[in-house]
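You will see two complexes here that share chain A, one where it goes with chain B and one where it goes with chain C.
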Partner chain A sequence: MIKVTIDGRDVELEHPVTVLEAARKAGIEIPTLCYFEGLSPFGGCRLCLVEVEKLPKLQTSCTLMTADGMVVRTETEQIRAARRSMLEFLLINHPLDCPYCDKAGECELQDLVARYGPEAGRFAEGKRRHPESFDDPIIVRNMERCVLCTRCIRMCSELQASYSISVTGRGSHSFVEPFSGGRYDCEYCGNCLTVCPVGAIMSRLHRHSYRPWFVEKETETVCGFCGVGCSMVLQMRENSIIRAIPRRGVGFNEGLLCARGRFGYEYVEGGEELTTPLMRVDGELRQVSWEEALSFTARRLGEIRDEFGGGAVGAVASGRCTNEDNYMLQKLMRFVIGSNNIDSAARNYYAPAQIYLERIFGQGITANLIPGIANSDGVFVAGGDPTAINPILGLKIRAVWRSGGRVVVLGVPGGLKRFVPYELIPVPYSEEIVLSAIVGRLLERKPPGGANAALEAKLRDLRIPSDDELGSTGVSPEDVARVSEDLSSMSTPVVVIGPDMVQRRRASKSLFLLGAIAYLTNARIFLLADRPNYQGLLDMGCLPELLPGGRPVELEMFRHKAEEALGMKVPEQRGLNLFEMIDGAESGRLKALYVMGENPVFNLPDGVRVEKALGSLDLLVVQDVHLTETARLADVVLPATAWPEKEGTYTNLERRLQRVRKARRGKMASYGREDWRILADIAGRLGMTKTYQRVEDVWEEVMHVSALHTGLGYEEMDGGRALWPYYGEPLRGMEGDFTVEGLDGLPEVPAPERPYLMIERPLYHSGTFSRRSKALLAIQPGPYLKMNPELARRHGLTGGDKARISNGRGVLELEVRLDDDMPDNQVHVANTFEGFAAMRLAGFGTDPVTGALYMDDNTVRVEKVLR
Partner chain B sequence: MTLKDVIRKVFLVEIVKGMALTFSRLFTRPVTRRYPKEKRPAEPGFRGLHALVRNPATGDAKCVGCGLCAAVCPSRCINVYTSEGPEHQKVVDGYEIEVLRCVFCALCVEACPYGAIALTPHYEYADYSREALFMTKERLLDNWDRYMGEEGLRYFDSFWNPKEAHFKPPRGQAMFKGRIIGGFSG
Partner chain C sequence: MDIMDEIRDLSRKYPDRRGALLPALYVVQKEAGWLSQEALDTVSRALNLPQATVKGVATFYAMYKHRPMGRHLIQLCTNVACMIMGAERLVDLISGRYGLEPGGTTDDGRFSLVIMECIGACDRAPAMLVDTDFHADLTADNIFEILEKYE
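After this line comes the complex of A and B, so read on.
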């Protein structure tokens, strides 16, 4: 126990902390400028000076550790004079352009000068000059205002681990600049904007258009871009979002955001939102009233149900909609129309992977806490770049590296490139062999403990590839030995599974092997999710085989419970999954499809076929914020509200339930209605008797129906207590019942002439919303074809050239971008820009065991386009 | 009651005194005005209708859109709308004052670092509609031309003591974009 006296107050401390922290703990405010909670102390601004008895000079409290018996004074005349002098020095070079500066009002220097003075400067000579830099599309630098506190640099290197900016120059010519010169060559996380105490680094979004005191309302909500679910505060002025900022102490992201979260909100007021329902009249979409659109939809759905049975109707749920929205869609389908045909784009990889892993280990196996990753001593990443798909989760992996842990990545490391000691990039479609080899080595080092008999039984049947057989994978036996050595040396490892591991033939085997690695090393598993509510829609029962709470619909016991809870019937057979629904639409078995917040034409492979299939439906209803590619084919388009315009809950990839709150309302919000309201209205017209006034009513029903969510109200979520396991009962007794395809064999690794087309998941764009955000478009304006310079040379291409990629399914013309980190014989295209849907060119199949999508036959011919 | 008081009461001394004053006023000029025909000039510093000071050099408002007036306004009747101009400068797109909500405290005038907002001596602006008393930037500038003008600048300088001088940097100092003369003298 350490006892110190600060300003006459006795403070008792368990552990030695800095004097500053001890004072803050005791409620004594010491002014600081370069100190920022969470960053390493710097001691450069000299404002936190304190007087310590028996020490001759003033001491910086942010770097001075407390010692027993210390007597500290924080406000004496000597200290005030020192602070005043420090501020006067800072103001020598600080332009007093406060009336123009957007930071005024929340500027820490301004506040400090107002408190300590000086009233006037004595420095008559000129101030340094440095032109304001507008070279960057998003971030503006005014280095005349910089006070060199280096918070941005410490943020960039310590928390973001991007190492993109540094102090350049000397003396009064020291400025913070990106290494790349004018434009930032960084991840655009914008966390430097958060920490800058003055107006030196500012966002160009809404530049010069607000003052901090113009903020009329702040709404604490959850980001709507990826499955991490960072908390953020939306600041509003007159119903328009001024900015999205993180706040320390709110949410688990601890004041960090990524590019999408911080800058990507603009799509909600881009002017392209649907404002009225549309209906196809004489082959054209016309504006109609809500009443007309809803009654038509309900009538046609009713007719199709009565004529062909409920099985002729299907629905696609959305990972961008809230739990309440998805629950209501599920209720409309299962209980009102009587069809289990409900699925979502989570079918692409997330849902099958999650269900399969739960079959091996039990429900909730991936419900591990993201902040906990940073406490781990090693991470194994396979099948995707977490720093792009789930950036804040990626930061935690970098934090592992910072604290001395090992990061091992199977595949292209992407944003983790600087953090891996060696690269492990297998030839496409040979990952399974490498994983088998790793498991084989691990089994020698860490024999299984017998906790999971089913898994161990399967492990005994596993064919371990010999060193020769590894030859075709491009990964050497030494590398495999190194990986297994690293993995077995980790005491609290984490296994991160990305989409690319699931979207392969025999996904069950890859998942089983990754599960086995996690099992053998006693690791926590994380499954990357690129939409905010993939986990939520699974838990809400938006799957052909599962009821709310993840209960199998085919088991009578669970079906009866749900039927009893709602007083309505559910069909006994499992329904069609997303791909079967497309097949059904093609063959005429499916007559009507209700698509909520999803864009299957764009987001599913072989778009030409999907487009044709959807076109042949009797009724296609699309409920979305914008007129997407799919909505253009629809018979009825119902405008929905976007993420900041509705209330509800999201379940993130760690199964944390968080509230989404309404920020925009009134005349300037889009004219859409909340998804669940539209659905409840249609369900009411089709015979549902229950009515809902508020979104809370829907959630109350969820708590009643889903055994998982019992007793988990909004208050618990507000208190941050909505963590797995919830108060309800998880599904038990299903684990261990799984099959693995091809355990005793090894696949042939194809060696095609033409390069593979792979889907890139970039940091700045994630689909049909981000491409409507001006800021994200400014960072990355268009699609590109990423390839290795060597591959480009073989095709006579250089960076910036236009290349044509084609196969039997389509043609795309894209700009070439060279990337040294790309493996050979692969080209990457992101599936985000309109008219450049890379998924259209991808061939696919569905995995017989997991039902996941797998890429197949996706080689393309690459040619140079001659101008 | 003393004899003195009795005499006063009997001879109506007070009334005679009063009537003498009344009588004397018969020969002086009246102090009341026949208001609509005769107008009373405002005293210096009178807080009448609002105006945005027009900068004679540019012809536009002096206002830079710092929003301090809106921040200090106790009745929250000022709205400032700014945006980024083509040369990255701050442009004041809109400046609105809802006169009916104003309490004429003149804190906005005091807060303004550039002496860009004024309360003119004009006080005859009663009207029948709310819209007529909703001032936009154009109307406020128009008010300046009409009720203050060149005269106003002098009055402003002598009366309000603007804070602009405090913000004026020495020559060659990095300050507002586009107005810098000379470079770093190092």
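After this line comes the complex of A and C, so read on.
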């Protein structure tokens, strides 16, 4: 126990902390400037000076550790004079252009000077000149204002681990700059903006459009871009979002956001939102009243149900809609229309992977805490770049490296490149062989412990490749040995699984192997989620085979429970999945499709086929914020509210339930209606008697119907404390019941002549919403064709050229971007920009075991476009 | 040997890649006499260190140059000892003969002149470095004899 006296108060400490921290703990405020909670101490500004008895000089409390018996004073005349002098020094160069500075009002320097003075400076020297830099589309740099506290640099290197800025120059000539001296070309997380105490680096998004004290309202909500679910505060003025900021202490993201979360909110004010419902009249979409659209939709759905049975109707739920929205769509389909045909884009990989892993290990196997990753001593990543798909989760992996842990990535490490000790990049579609070899090595090192008999039985049948057989993968036996050695040396490992390990043939085997690695090393599993509410889709029963709570619809017991809870009937058979619905539409078996918050024409492979299939439906209803590619084909388009206008809940990839709150209300709000309300209205017209006043009423019903969510009300969710396991009952007894395709064989590694087209998942864009954000578009305006220089050379291409990629399904023309890190024989394109649907060019199939999408026949011809 | 390999070889002598940064910067500076953005990027790639880190370090030290230099770099000390022994006169002489101001480069790209703060040769002041050669006990008589050797 350490006892110190601060300003006459006795403070007892369990562990040695700095004097500053000890004082804060005791409720004594010491002014600081370069200190920032969570960053390493710097000791540069000397504003936190304190007197310590027996030490002759003033001490910086942010760096001085407490020692037993220390007597500290934090505000004496001597200290005040020293602080005044420090500020006088800072003001020698500071421009004092406060009236013009966006930071004024929340500027730490301004506040400190107001408190300590000096009233006037004694230095007559001219100030340092540094023209404001507008080279960057997002971040304005004004280095005349910089006080060189290095908070931004510590943020960028310690927490963001992007290392994009540094102090340039020396002494009074130094300033902060990205490498280029102009554009940042960094990860654009904006976390440096959060920590800058003055107006030296600021966002351009709201430049000179407000003063901090203009903020009329703050709404705490959860980011709508990915499955991490970062908390953020939306600051509003006149019903318009001024800015989205993170706040320490709110949410588990601890004051960090990524580019999408921080800058991407703008899409809601782009002016392209749908304002009224649309209906197809004489082949054209025309504006109609809500009443007209709703009654038409209900009538047609009813007619189709009555004529062809509920099974002729299907629905696509949305990973960006709330649990309440998705629950209501599910209810409309199953209980009102009588169809289990409900699925979503989570079918692409997340849902099948989750269900399959739960079949191996039990429900909740991936429900692990994101912040906990940082405490582990090793991470194994396969199937995608976490720093792009789930950026804040990616930061935790970087943190593992920073604290001396090991990061091993199977595939191109992308944003983890600087953090891996070696690269492990197999030839495309040979990953399964490499994983089998790794599992083989792990088994040699340590026989499994017997906890999971089903898994171990399958492991005995697993064909382990010989060193020769590894040959086709491009990964050497030494590499495999090294990986398995690294994996077995980890005591608290984490296995991160991304989409690319699922969207391939024999997904069950890849997942089984990754599961086996986790099992053999006793690792926690994380499944990356590129939409905010993929997990919620599963939990709300938006899958053809699962009822709310993740209960199989085909098991009578569960079906009856649900029927009893609602007093309505559900069909007994599992329904059609997303791809079966496309097939059904093609064959005429499916007559109507209700699409909520999803853009299948754009986001599914083989777009031409999807478009044709949707075109042949009797009724296509699309409910969305914008007129998407899919909405353009619809018979009825119903405008929905966007994320900042939603109330409800998201379930993130840790299975944390968090509340999404409405920020925009009133005259500026869009004309859309909440998704669940539209659905409840239609369900009412089709005979549902239950009515709902508020979104809480919907959630109450969820708690009633889903055994998983029993007793988990909104109050519990406030502050993100609704963590797995919930109060309800997880599903038991299904684990161990799984099959693995091709366990005893090794696949032939294809060697196509033409390069593969792979889908890039860029950090700055994630789809239909991000492409409408001006800020994100300013960072990355469009797609490009990424390839390595060697492949480019073989096709007579170089960076900046325009290239055409094509196959039987379509053609795209894109700018070539060379990337030394790209493996050979593949090109990458992001599927996020309007007019550039790369997915369209890929063929697909569904995995017979997991039901996941696999990309197939996805090679393309690459040629130069001559100008 | 390719410059990337040279840097990588060099880095093996240090416990970590950061340790090799200063010598690596010398290696690339040797090529062109100064450090362009491309040169900094080469170091960054060779050592797998962030570009910004490389730039931050490179701009901190005065011995790294960030704009093109003449073929030969004269670094003349004018600190106290050298000043007393007439270094400032030498500056004037150099300026007069080559039209070379401190901080500048001759039109023909032959010399650049940089004023140094002490090169640790006070006992033999005034002193200067030309490229990496050390010259001391300079006088108005011998200075051009020395400099004329550098083409």
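Operating definition for what follows: the second predicted complex is superposed on the first by the 866 of 867 C-alpha atoms of A that agree within 3 Å, B and C clash if a C-alpha of one lies under 4 Å from a C-alpha of the other, contacts with A are read in each partner's own complex, and residues count from 1 in each chain.
Here is the rule we use: a residue touches a chain if its C-beta (ideal position, glycine included) is under 8 Å from a C-beta of that chain, and two chains touch if they have at least 3 such contacts.
Quantities reported herein were computed from a predicted structural model and do not represent experimental measurements.
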item	value
Chain touching more of chain A, residue-wise (chain B, chain C)	B
Chain B versus chain C as contact partner of A:172, first or second or both or neither	first
Chain B versus chain C as contact partner of A:132, first or second or both or neither	first
First (chain B), second (chain C), both or neither touched by A:163	second
Which of chain B and chain C A:418 touches, first, second, both or neither	second
First, second, both or neither for A:183, with chain B first and chain C second	neither
Touched partner set for A:804, first chain B, second chain C, both or neither	neither
Chain B and chain C footprints on chain A, overlapping residues	none
Residue ranges of chain C touching chain A (in the complex, touch as defined)	37, 40-41, 48, 50-57, 59-62
Interfacial residue positions of chain B with respect to chain A in the complex	64-68, 70-71, 80-85, 88-91, 113-114, 167, 169-177, 180, 182-186
Chain C-touching residues of chain A, taken from the complex the two chains share	157, 162-170, 177-180, 418
Chain A residues touching chain B - in the complex, by the definition given at the top	95-100, 104-105, 124-130, 132, 134, 140, 144, 172, 204, 207-211, 213-214
